[in-house]
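Pasting a structure here, questions to come.
Naming follows writing order (A, B, C, D and E), and every chain is counted from residue 1.
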Amino acid sequence: MAVTLNRALDALTGWLVGSIGDDAACGYALAAILQAGMLLNLVAISGLVFIWLERKIAGRIQDRLGPTRTGGRFGWLQTIADGLKLLCKEDLMPGKADWLLFRLAPYIGLAASLSAFLALPFSGMPHPFVAQRLDVAVFFVLAVLGLEVFSVILAGYSSASKWSLFGAMREAAQVVSYEVPLGLCAVTPVMLAGSMDLVTIGDAQQGGFWNWYLLHSPFAFITFGVYFTCATASVNRAPFDLAEAESELVGGFHTEYSGLRWSLFFLAEYGSMMLVSLLAAILFLGGWHGVLPLGLGSGGWLEALLGTGIGGYLGALLGLVLLLTKGLLLVIFMMWARWSLPRLRIDQVMTTCLKYCTPIAAVCFLGATLWQASLPNGLLLRPYNAELLRAQAAGPVATPPADVLIVDTAGGRP
Amino acid sequence: MQTSVEDPRVLEFDVRTDEMLVNMGPQHPSTHGVLRLVLRTDGEVVSEVTPHIGYLHRCAEKIGENLAVRQWIPYTDRMDYLAAMNMNLGWSLAVEKLHGYAPPERGRHLRVIIAELGRIASHLVGMGAYGLDLGSFSPFLYAFREREKILDLFEQACGARLTYSYLTPGGATADLPAGWTTRCLKMLDEFEPILPEYHTLLTSNAIFVKRTCKVGVLTADRAISYGVSGPVLRGSGVDFDLRRDGEPCYTQMYAGYDFQVIVERAGSYPATTGAPPPPPEAVLGDSWHRFYVRMLEVVQSISLVRQAIALYEAEEGLDHGQPFKLGAKLPVGETYLETEAPRGQMGFYLVSLGQPNPWRARARSSSFCNLSVIGEIGRGCLIADIPAIVGSLDIVMGEIDR
Amino acid sequence: MLALPSDTLLPLLPMASLLTSPIGVAHYLVVGAVLFTAGIVCMATKRNLLGVLMGVELVLNGANINFVAIGSPYLRGDAATLGLDGQLMALFVIVLAAAEAAVALAIALNFYNTVGTIDVDRASQLRG
Amino acid sequence: MQHDPAISEQLRERFPEAVVSASPGPIDPWIEIAPERLAEVAAWLKNDPAQDYDYLNGLCVIDYFTADKKLAEAVGAARLVVVYHLSNLSRKRQLTLKVTLPRWANAASETPPTLPSLAALWATAEWHECEAYDLSGVEFTNHPHLRRILCPEDWVGHPLRKDYQMPLEYHGIRGR
Amino acid sequence: MIWHSFFFALFAALACGFALAVVLTSNVVRMAFYLVLSLSATAGLYFLAGADFVGSMQLMIYVGGTLVLLIFGVMLTAQEEFIRISTRPAEVALAAMVGLALLILLSSAAFRVPAWRGDTPAERSLALTPQTVGPIAMALLGLRVDQAPPTADSPPNDRPGYVLIFEIISVHLLVVLVGAAYLARGRIGANSLVRQDPSQPASDLDDLADADPSGSELLEASQTLDSPAETGA
C-alpha cells in the first residue's frame, strides 16, 4: 500500500510543485505522514469507542444501562464529553516527583502502543494495508508492545508515591515474565506459516475457518488460549490488572496522575488491547479472511467483477472490516472477563505465568511442530530458495513488482 | 566451614528490599470507611499491620448519657448503619430487659421479620463489597440491586431507607402497612433463585477461591480469645449464635422458629440448597469460610422471614407493641444484653439511677473486636491479602468508632 | 535536505565528510565509537554499581553497532551477500549481554544485601 | 446464656478476701472484686477447667460522680467502676465482675487509677482497655501498648468522665 | 537516500546524545531512562542498516528485557542516599580526557578505510525490507543459504554455519540464569518478617536500618551480621 500511495502522492505533489523529484522524497514524506495519521486516528477513535463500549458492556453486565444522556439514547458522545472534562482538569504533579520522568511517562506508553501498529497489516495480498511491511513483523510488534512497560515503571517511580511504586514493581515483574509465554505462543503460527511476516501468516490461513491456525491442531487451539491469557496479562487487563489494582493500590501507577496525562495511559491501554486482539486475529483467526471462503482476495469474484484494481482494493477493504470485527470481538471478550472475574494476587499471577503458561506454551509449540511434521506435506525441509534470496538481497536488480512480495518461506499449508 | 544455617532467625529470601511503611487509609478504596492501616512491608509482604481507628468517633456513649433511652435510638442507627434495624433492636431489648417487659406476640414476629431482613441486607453489602475488595465489580451492583428491594420494604414500613429508628423500646413505631407481607414474600421469591448466581460469581469462582482460601486463617482458640463474634466466629468453627444461645429475653424472640446455627460441624455445613460445597483448599477459619457463613446465613434468614411472616399473619391481635413514653423514668438498676447483629454480638450495657436518661449507656461493638484480630492474622501476608482479610471481617467503621 | 556548501567550508572541519558523503560504514562506526567511549567513561566514573553496569551495556552496544554496520551490504556497497555474519554476531552479543546483565544484577543485589550500599567505592573488602 | 448461681460462693471460698461484695441482682447478678486481687481471680476464672470463662465480651467503666445535689444520693460516693462481662461459650454461662477504683490515684495531679491488664488472658481486653483508658481514664499496668485508641493521641482529658469539659479549641478547631 | 541520511542523523543524534546524558547525569534513575532511549535509538540504526531481525531483538531482549531488569534493580536499591552518588571532579576530568582521546582515535580509524566511507552506496528501495529472518535461522542451524556456493554444483549446506556457537550460547544462557537466580538469593538474620512476637526486641537488622547509613559502623555491622558461617562455626 505504501508504494501505491507514495506514487499517487508523489504525482500529486509533483503536479503541485511543478517537478517530480528523482528521489521521490516528498511523496514518501507525505505518505508517511498520511499513514501515521491514519494509524493515530485508528488508535484514538478505537480508544474512544472502546471506552464507550466498556461502559456500555459493564452497564449491561451489571443490570444497568450505562451512558444514556450525552449523545442520544445510547450515549455515543459520553467519551468525548469525558475527554473534554479531562482536558479541562488541572495537571497536577506531586511536589517530590521527578518532573521530567513524570511528564514523559504517559507519552512513552502511547508512543509504544502506537508504534507497534506500524508493522500490523490490515489486509493481505495483493494489497496489504500496512504502514511498513516487515519481515520480522511478529517480533517487532511484540517487542514494541513490551516497551510500554517503561511508561508504567517510570510513572510509578517518578510519582514519589508508595502506591505508585508498588504498581510499577508489579508491572515490571509481570510484563517481563509474560513476554516469555507470549513469544512462545506467537512462535507457533510463525512456525506453521514458515514466516514472521504477518501478511504471509494471515494469507496462509485463507479459505474458510477450517484453515485457521486456531483449528490446525489441538495444540494450536490450546496455544491460542494461552496466548490470549498472556496477552490480557501483558496489556494489564483484569484479572491481571495488578499494576492499577484499585482495591489494593488505590490507582497503582497512575495514582498521582490527573487530567490529560491520566487519560493518555488509558488511550495507550486501549490501543494495546486492540493491538494484541488484532494480532491474535491475524495469528490464529484467519486475519482478514472470512469465516467461509468469500473470494475477496486475488482471483476472487470481486476482482473478476470489478477488475484487479478497484476490485482488489475493495476486497482488501472488506478484509480490513473483517479483521477489525474479529479484533473487536476479542476486545469485547476481554471486557467481559474484566467485569466478571476477581483479580488475582501478584504471586498467583507469577505462578500462572511461570508454572502454567510457559510450560504449556512450550509443550504446545512442540506438539504443533510434531503435528505439522506428521502431516503429508507438512515438513519444512524443502529446498531453500537461496538464489531468490540472494537476488532479492542484491537490491533493484531483481526487485519484484512493487506490490507483490515473495511468499516463498510459507510452510506446507496452502 | 559450614554453609548451612542452623539459626532459625536466619532465613533465605529471594531479593531483599527495604522495609517500607505504607498508610492504607483513611482514604483508601477498600478499607470500608475511614479505617487506617499502617502496613510495614518488605516488598509485597506485610510484616506488620497496625490499625488506627477513631476517625469516626462521635462519643455516642456520652451522648447516650444525656438523652432519654428512646432518643438514643437514632444514634444506634448510626453505629452499624448497614444493619440499623438490628442496632435498634439491640438497644430496645436492653431497655426492655431493664423494665422486665416482653412485647406482644405480633410485635415479636414483626421484630423477627425486620431483624432478619436487616441481616440479609447487611450480608448482601458484605458480599458485594467483598467482591469489590477482590477486584470484581459486578457482584457489588447485583447485591445492591437486591438490597434496594429490601430498603424499599423498610421504607414502606418506617419511611426511611438507611437510619430507620423503627424498632424502639416497647415494640415498633408503627405496624407493618397493609399488603407489606405480600410484597415481602414476593421479593423473597424473586431473590432466592438468584443466590446460586452469586455462588457462581464468587463463592465457587476459581480466582475467588484462590484469593480467599488459606488467607487470614483465624483459629477457633484465637477467635474466642479475641472476642470475635458473628460470622467471623462461626467461620472459625465455633458453634455459637446468640439467637440460640443468648439470654432468655433475646432467645424467646426466636422461640418456635426452626433454624440451625450456620457453622461447620464434623466437616460439613448445614445443608443449604444452591450452595456449593467448600473447596478442598479452604481451611476452617480462613476468609473463604467467613464469607461462606454469611452466604448461608442469608438463605437461613430468608427462611426465618418466611416463618415469621406466617406467624405474624396468624396472630389474632393487632397490638405490635407500643413504644415506651419518651420521658418516662427508668427503673433503677443495670443490665447488659447482647444480641446477634449481622456482624456479630452487639452488646448494650445500661446503668440507670432512676432518671429518664441512663447514667451510663455502653455499646459493645462486634466490629471493634472483629477488627482487633487484623494485627495477628494480617501478619506475613501479601498486600493484596489485606483487603481480602479486612473485607472478610466485614467491618463497619461507624460501629467501631461509635 | 542535507545539501550543505561542501566545496568551500566543510573540508576545513575535521570529519566533515560525515555530513557530506553518503552514509557509509564509517558513520555507523563513529556512532559506535561514541557509545563505546561513553560506556568506558561511564564505567570509569560512576560509583553506583548499576551505573557501572549501564556503562557495560553502552560498550556492548557500541560494539554491536560496529558488527551490524560492517556486516551491512547497503553500507559497504557490496550487495553480493546478505551480510549475515555481522548480524549474527550482534545477536550473540545481545544474548550474552542479557546473560551478563542478569549475573551483574544478581551480584549487585547481593552486594546491596550484604554491604547495605550500592556505592562500589565503599566496598573495600573482599570478604562478606 | 445463664448466670451461674454458684459462682459467687465458689469465688468466696477460693478467694475469701478478693470478693468485696456480690449482688444476686434483680436483673443481672454481679460480683465485686478487690482491684489488687483482680489478676488472680481473672486467671482462675479463665484457666480453671470447672470455670473456663474463655470469652471476654468486653469491659467498660462507669464514672459515679455528680455535682448535682439532687442526684448525689443516688450516685453515692465518687468512684470509678470497671465492669467485666465474661462468658463461657461451651457451657453458655456468663458472669459480670466489677472493680471499684478511686476516680484519681492522685487527685491533685490527676493521675489516673491503675488496674492490672487482662490482655494476656483475653486478647479482647487489649483494645477494650485502650478504650477504657482513652475515654474513662483508667490506666492498665502491663498492657502491651496502652494508647488512646479512639481520640487523637494528643487529646486532653477523658470524655466519658462525668466532669469532662469539651476543650474550647483543638488545633484551631472550635470545640464548644 | 536523503531519507536514509536524515533518519541516520536523527537516530545517531539520539543514540549519542542520550549516551552522553547517561555519562553526565548523576541521578541513577535518569541514567537508566536515558539508556533506554539511547538503546532504542540504536535499534533504529539497526533497522536503517537493514538488520531488521537484530533491531527487533534489540528492542525485545535488550530494551524490553535487560533494561527492565536493570531498572528493576535500580528501583530495588534506589534509596534517597544512593540515587545521587557524585564523582570527584578530578576523576571526571581525567575520564573525559581519556574518553576524548579514545573517541578521536576510533573515529579517525573508522574513516581510514576507503571502503567504509560510503562512497559507493548500494541502491535500495525504501519500500522493500530485506528478508533476513529465514537466512539467519538457517545460519543458526548450520546452513548458510545467503552466500553464493563456491562452485555451481556444490550443495548449499556444506559451509559452516553457527550451530556450535548457537548451542554454546544456549547452554551458557541457561547456566547463567540458574546461577543468577542462585546468586540473587541472600541470607540474612531474622528481620521483622519472622518476628512473630511483637514484644520481642527488634533484631539487629532493624537496628541497622535505624543507624546512620553513612557511618562506617554500618559497613562493619552489616558484615558481621551477614557472615552466619563465621558465627555458626
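One rule holds for everything that comes next: a contact is a pair of C-beta atoms (placed from the backbone, for glycine too) under 8 Å apart; a residue touches a chain by one contact, two chains touch by 3 or more.
The shown structure was predicted, so the numbers you read here are calculated from the model rather than taken from an experiment.
Counting only chains that touch, the fewest steps needed to get from subunit C to subunit E is 1.
Ranked by distance of CA centroids from subunit D, the top chain is C. The most centrally placed chain, judged by C-alpha centroids, is A.
Computed from the mean C-alpha positions, the centre of subunit A lies at a distance of 31 Å from the centre of subunit C.
Between the CA-based centres of subunit B and subunit E the separation comes to 56 Å, rounded to the whole angstrom. Rounded to whole angstrom units, the spacing between the C-alpha centres of subunit D and subunit E is 67.
Note on chain placement: the centre of subunit C and the centre of subunit D lie 75 Å apart, centres being C-alpha means. Touching two or more other chains at once are residues 25, 169, 389-390, 393, 395 of subunit A. Multi-chain contact residues of subunit B (touching two or more other chains) are listed as 15-16.
Shared interface positions of subunit E, i.e. residues touching 2 or more other chains, are given as 1-2, 53, 57, 65, 67, 69, 72, 76, 122, 124, 130, 132, 135, 146, 148, 184, 186, 188, 198. Looking at the complex, you find that subunit E touches subunit C at residues 1-2, 4-6, 8-9, 12, 15-16, 19-20, 22-23, 28, 31-32, 35, 38-39, 42, 45-46, 49-51, 53-54, 57-58, 61-62, 65-67, 69-70, 72-74, 76-77, 82, 85-87, 91-92, 95-96, 98-100, 102-103, 106-107, 109-111, 113, 115-122, 124, 130, 132, 135-136, 139-140, 144, 146-148, 162, 165, 169, 172-173, 176-177, 179-181, 183-184, 186, 188, 208, 213, 218-219, 222-223, 226-227.
Subunit B contributes residues 20, 22, 28-30, 43-44, 131-138, 141-142, 145, 201-202, 205, 207-208, 210-211, 382-387 to its touches with subunit A in the complex. Residues 1-3, 27, 29-30, 33, 36, 40, 52-53, 55-57, 59-60, 63-65, 67-69, 71-72, 75, 78, 122-135, 138, 143, 145-146, 148, 156 of subunit E are the ones that touch subunit A when the two sit in their complex.
Taken in their complex, subunit C has these residues touching subunit E: 1-2, 15, 17, 21-42, 44-48, 50-51, 53-55, 57-58, 61, 64-65, 68-84, 86-88, 90-92, 94-103, 105-110, 112-119, 122, 125, 127-128. Every residue of subunit A that touches subunit B in the complex is listed here, in rising order: 58, 61-64, 162-163, 166, 169-170, 238-239, 241-242, 245-250, 339-348.
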